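Each of the next two complexes has chain A plus one more chain, namely chain B in the first and chain C in the second.
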Partner chain A sequence: MKTVTLTMTNPPELYLEGQNITPDAFAGKTAAEIAAIDVWEGKLKSPLGKYFTVEGNGGATAAETRIILRGDCSRLKRVGQQMTAGEIVIEGDADMYIGGWMKGGKIHVKGNVDSFCGLAMEGGELIIDGKAGHHLGSSPRGEWRGMQGGLIRVAGSAGNDTATFMNGGTIIIGGDADIHVSTHAEGGTVIIKGNAKGRVGGQMVKGDIYVFGQIENPLPGFKQVGEVEQEVDGVKARFIHYIGDLGERHPVSKGKPVYGNIYTRI
Partner chain B sequence: MSELLIKNGFVFDPLQGIRGDRMDIAVKDGRIVETSALQHPETIDASGMTVMAGGIDIHSHVVGPKVNVGRLFRPEDKLFKSPLKRCNRMEMGFSVPSTFKAGYDYARMGYVFVNEAAMPPLHSPHVHEEIRDTPIIDNAAMPVFGNNWFTLEYLKNHEIENNAAYTAWLLRATRGFAIKVVNPGGTEAWGWGLNCENVHDPVPYFEITPAEIIAGLIETNEHLGLPHSVHLHCNNLGNPGNYTDTLDSLKLAEGYTPKNNFGREQVLHATHLQFHSYGGDSWGNFESRAPDVIDYVNSHDNITIDIGQVTLDETTTMTADGPFEHHLRALNNLKWANTDVELETAAGVVPYIYSPKVKVCTIQWAVGLELALLSKDLMRTFVSTDHPNAGPFIRYPRVITWLMSRAARDATMKTFKWLERTIDATSIDGIDRELDLYEIAQMTRAGPAKALGISNTYGGLAPGMDADIAIYALNPENMPENPEEIEKALSRCACLLKDGVVTVRDGEVLTEPPKRTVWVDVKVPENAQVQRDIYEHFLRYYSVNLGNYSLFEEHLFNPRVIEVDTTQ
Partner chain C sequence: MPKRIENVGCPYCGVCCDDLVVTVSDDGKKILEVENACAIGNQIYHHATESERVRLPRLRQPDGTYKEISYDEAIDYAARVLYNAKKPLIYGFGSTNCEGMAAAAKVGEKAGAILDNCASICHGSSLLAIFDNGYPSCTLGEVKNRADVILYWGANPAHAHPRHMSRYSIFPRGFFTGKGHKSRKIIVIDPRYTDTARVADIYLQVKQGYDYDLFNAFRTVARGHEIPEEVAGIKREKILEVVEIMKNARFGTIFYGMGLCHTDGRNHNIDIAISLTRDLNDFTKWTIMAMRGHYNITGPNQVWSWQYGFPYCLDLSKRDIAHMNPGETSSIDLAMRGEIDAFFNVATDAGAHFPIEAVKELRKHPWITIDPNICMASEISDLHIPVGIVGVEVPGIVYRMDNVPVQYRKVIDPPEGVISDEELFERIYQRLCELEAEDAAKERVKTTAEGIPAED
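Right, the complex of A and B next:
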């Protein structure tokens, strides 16, 4: 593993589009070559070196490349977009679209992130020590094929519209979630350790949602069917089990309809 | 004075019967001229290459409100597909491209004329605004008549002269080109949650059948002598077993002969026939009935068709056939847009994935190709994908490659999950026919131009015609072994001249010569009754004022008017 350290020394006046800050783009490049990679501030294209000092060369492949981002990256978007392997560590806050369309590898953000992070994720891990904005692990605008796989773990709270059109993978939120969780989901698992505000599982076809706290305003399309004991993210607990959304179509497997499941901790 | 000489190309012009002869084409001031008329021409060396007239698309949904609904509700259609500004204007989208991309992509393929397949009359200003914004290619747009209250009321009483006067008025009000009919009666029935599933299924509240609408509009069209014929999207699109309804629709043209001064020989154009040539009575036993349908077309020369070829892409369906889109939404559970256009029509939009893993999709793929390959008259059988319904128009080069190469068809069929069942349900595997470039020129230039009644200007290379000329890096004496090379050559033409201006070179758009809007202005005798009917309908039913309905002159971009005078 080789480490490339980017230190923000000349922060952008607008926001910086950093979709080229990935192990895939850095692999096989020297520090000087990495400093020449394109980033965009608004519509103006500049070399990465205009904003960052670059230390260290990339590894031979993405999997052998680690990127560490230092300095104020709170106006930096799209880091790790579409990455397939390797590692990114952001030592503070970052802006929107971190880890969007990620296929593999790992991103660790030590601060907070804004909206659209882990969008349409297919694989890999996105770890956020702070809180996340809206549309965490959601589908891109208009798209009905949302998160397919991978893990998103947020230590703090998440905004609204988490996991829209989720098809697979796992999202774990340490704090609370705002409205709209797993809307239109057809698979995947969302675990909320705190409370959920409401509209949880609206138009959900399939998939699982665990809420350790309360759902402030549960939807009428879910029906209580019993109690279960399960181990969820290392915690063994009893949950009330609801199925739904009964207003939505549901596939039939082995003669039985498949529903979305909501579990709330007793 | 600009003079150009395209030297030594293999020229294909079915309108003049030129079959790949090595010859020069001369251009002067935007028109094709005799070579002797040139004095000091610039030359374009076309040796070893194919020279044809610019392509003509008889049926494509590229401009207007429902196309724009598709653009708006499918932002994912642009995702990661729109990174570049290659030309003057930004390009974006795949199945529902931006207006700019549509114009550039048609030009890159060597096309110069595109007939917008469905214009909701009430929204004609939007259609014309998008025509203005679609660079390079000339556009016409067909207002829809098949569910229009005026049309239904006149034809119920067989008032052909009144319907003709109304038609002439609406063509002028919308700056329209021809009579389009979509699911006659069925779209009006959709206002009540119903449909007309065959040509004898009566339209609720109008006491008329689709058969009477179709026949009445054919009579109206020939009474007026319009350049194009009635352009029909038959009832019961897309359903198993619909080929009998299609044959019933086509039979309505029997006994009618074309009356016009534009060289048109058909009275009915049946569009995207692929969607209308199905057997079986469920998705389980869904099968091709293309041979039955094309046999009928082969033996009735007053009908033309376009195929509506499925391209096996993720695309966006959009049609004035409102009930069909609702039906499709229930099949694939994807998002759906639906709208009613008061007194006139409706529309629906649903994304659709034609997957090589789905049996119905691969049978549909075969049906379109069967129609073309079993056709006995390619001057009456045209290439289309009903863009974007069966696939985006940028796949025309691929469709043509399938038509020209059995190996290309076989290579595609190898990707099918249900290959055996597709072969069993269609005749595609028994067809070895490979079309040549002359036949392709018939299906993409000469044929559609003639059927649209514009073959005095477009679709050929005779002196006096517009100098719209496409040159492809294809040598008919030495065609590439690899069919993908054919597709590549047709996707990015070596050169396109639009009105004599070198517009595309090696697949790159160089310049944007001014495009035109082609419309048909019909002079009819004064008709006090129709004028009163229009006045009263606007007073009683429309939510807009009659004075605000007709297209304002400033919406019309660079018009080319085709005049028809029925008063003499």
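Right, the complex of A and C next:
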């Protein structure tokens, strides 16, 4: 694996859009070629080298390329967008759309991220050591096929609208989640280690939500059906099991309706 | 002889009353009387000729005062601001015609700008829900002629859309609704006991911020499931009663306002309202409609959707790709995050409507206001360009709240020399093209000097 280190030495006045900062785009390129790749600040298109110093060449393929981002990247968007393989490490905070439409590989953000990270994710791993903003692992506007697969793990809390229209994959939130979790979901798993504020599973068709803490305002469309013991993210515990959203349509499988599940830890 | 002009459209609220009769003085300079309009509609017309109007663009001077300049100078200034900015924001359009909006979009595309309209702080959340969940709507004419159950949720038309209830929803006698008010059931859901709630047959005082939960309860009951004793401050029996009324309607309409689309959860409140509307169509006919605020705020959504595929929050900075994602490309978010380096306030008053932090952030960069009136935005601008008042001095197409286009007319001429939004944007566009050509020529000179022959 070859490592390309980008250091932000000349931060943008506005925000920088770095959809080309991916192992896929860097693979097979020398440091000089990477410095010539396009990034955008508003309508201004510039070579990456205007903002970053570039050290190291890319690997032969995306899978053999690791990108390390240093310096203040808190105004940098879209890193790792649509990446299929390889690795990205962001040493501090980053802005929006990190790992959006990601298909494979791994992104590790050591700080916080803003909204729309892991948007429409299909595969791979997105690890965030800090907090995440809104629309984590959510679907893009107007898209009813949200996150399909992969893993998002956030150590801190997440904002609202996590996992909207989720179809598959797993999101693990170490802290609390704000309102609207798995709205319209048709699959996938969300695990909240802290508390959830409310509107958990609204308009949910299928899928699983685990809440280790409390749901402050549970929805009337969910009904308690029993208790279960399960191992969730390496923790064995007892949960109260609810099904819903009973106000929403549900498919029928083997003569029985399939519901979304919420489990709250006892 | 004063002239009576009939079938005039009112340029104030989204009801777009087109039955006004305006009497204009002999010389065509003064509006004498306005019939059929409500109090606010009336005011718009009298304000046009009775108040002191700005007749020339005004440019901020180093000492803080305004100095009048020519339209040509103002257009050059505006074009240069757009040309030099990395990410200019052109926002507003609540109160102008579709022709002006289309011309502004041309400018936005050329300048690589963000193009946004007042829906961004208003019914934008409704648009998001419509993207996600569809829009089982109808026209106001259908409501008038067919609806026997009307539900107002988080809307107070008695104050915000004064003639809505009399023209379309509660009182008119339509084709199948000959008994008018007597044959209609009115339900109002609002945390406040408003003047609209006073005319309701059933009033539900929902706990503020719990609209989504109440919709969820309605849907759960409609599908025959149990709900808790009380939801969102409303007793179970009441919820069951309302669901029964909705299921037994011949034709029902949910009208909702900012009380729904701007309480906690925003687009999701509308989203679930749309889901409920769809559910009710298993039993009978139900429709839903946003109570759009200004008379042509539906216009930019229509015009820009036609031009670029998105109704608001358009990021045209990549020129050949239009991108839209409210939360990122929405005016307030852009302003608060410091993503904008020039601001155009068009046919609205961002100075009054935006949060003060957003205004402060935008004010760090050039701020240009294009509006007929003196408003808060015009008073903090670097440049204020006056234009004619649409529906009074400038004709054009507007879209009513139910997405029906209405041709508006003018009743008097604008003050001498004052141009329309459309003409202004066309001229800014021309100037932008010239600036671009000048720069391209300079580029050519540079390349030639380096020994590479110029192509022409």
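Throughout what follows, the second predicted complex is superposed on the first by the 266 of 266 C-alpha atoms of A that agree within 3 Å, B and C clash if a C-alpha of one lies under 4 Å from a C-alpha of the other, contacts with A are read in each partner's own complex, and residues count from 1 in each chain.
Following the convention adopted for this analysis, a contact is a pair of C-beta atoms (placed from the backbone, for glycine too) under 8 Å apart; a residue touches a chain by one contact, two chains touch by 3 or more.
From a predicted model like this one, the values you see are computed outputs, not experimental measurements.
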Let's test your reading of the overlay: on chain A, do chain B and chain C clash or fit side by side? clash
Contacts of A:I68 with chain B and chain C, given as first, second, both or neither: neither
Touch test for A:A31: chain B only (first), chain C only (second), both, or neither? neither
With both complexes superposed on chain A, which partner does A:W144 reach: first (chain B), second (chain C), both or neither? both
Touching A:A237 in the superposition: chain B (first), chain C (second), both, neither? neither
More chain A residues in contact - chain B or chain C: C
Taking the stated contact definition, name every residue in chain A that is touched by chain B in one complex and by chain C in the other, in rising order. 140-142, 144
Contact footprint of chain B on chain A as seen in their complex: 140-144, 249
Would you tell me which residues of chain C are touching chain A in their complex? 85-87, 111-112, 128, 131-132, 210, 212-213, 215-220, 222-223, 225-228, 231, 264-265, 268, 271-272, 275, 279, 317-319, 324-328, 337-341
Interfacial residue positions of chain B with respect to chain A in the complex: 73-77, 79, 333-335
Please give the residue numbers of chain A that touch chain C in the complex, ascending. 13-15, 40-44, 96, 115-116, 134-135, 140-142, 144, 165, 179-180, 183-184, 198-199, 202-203, 217, 219-221, 223, 245-248
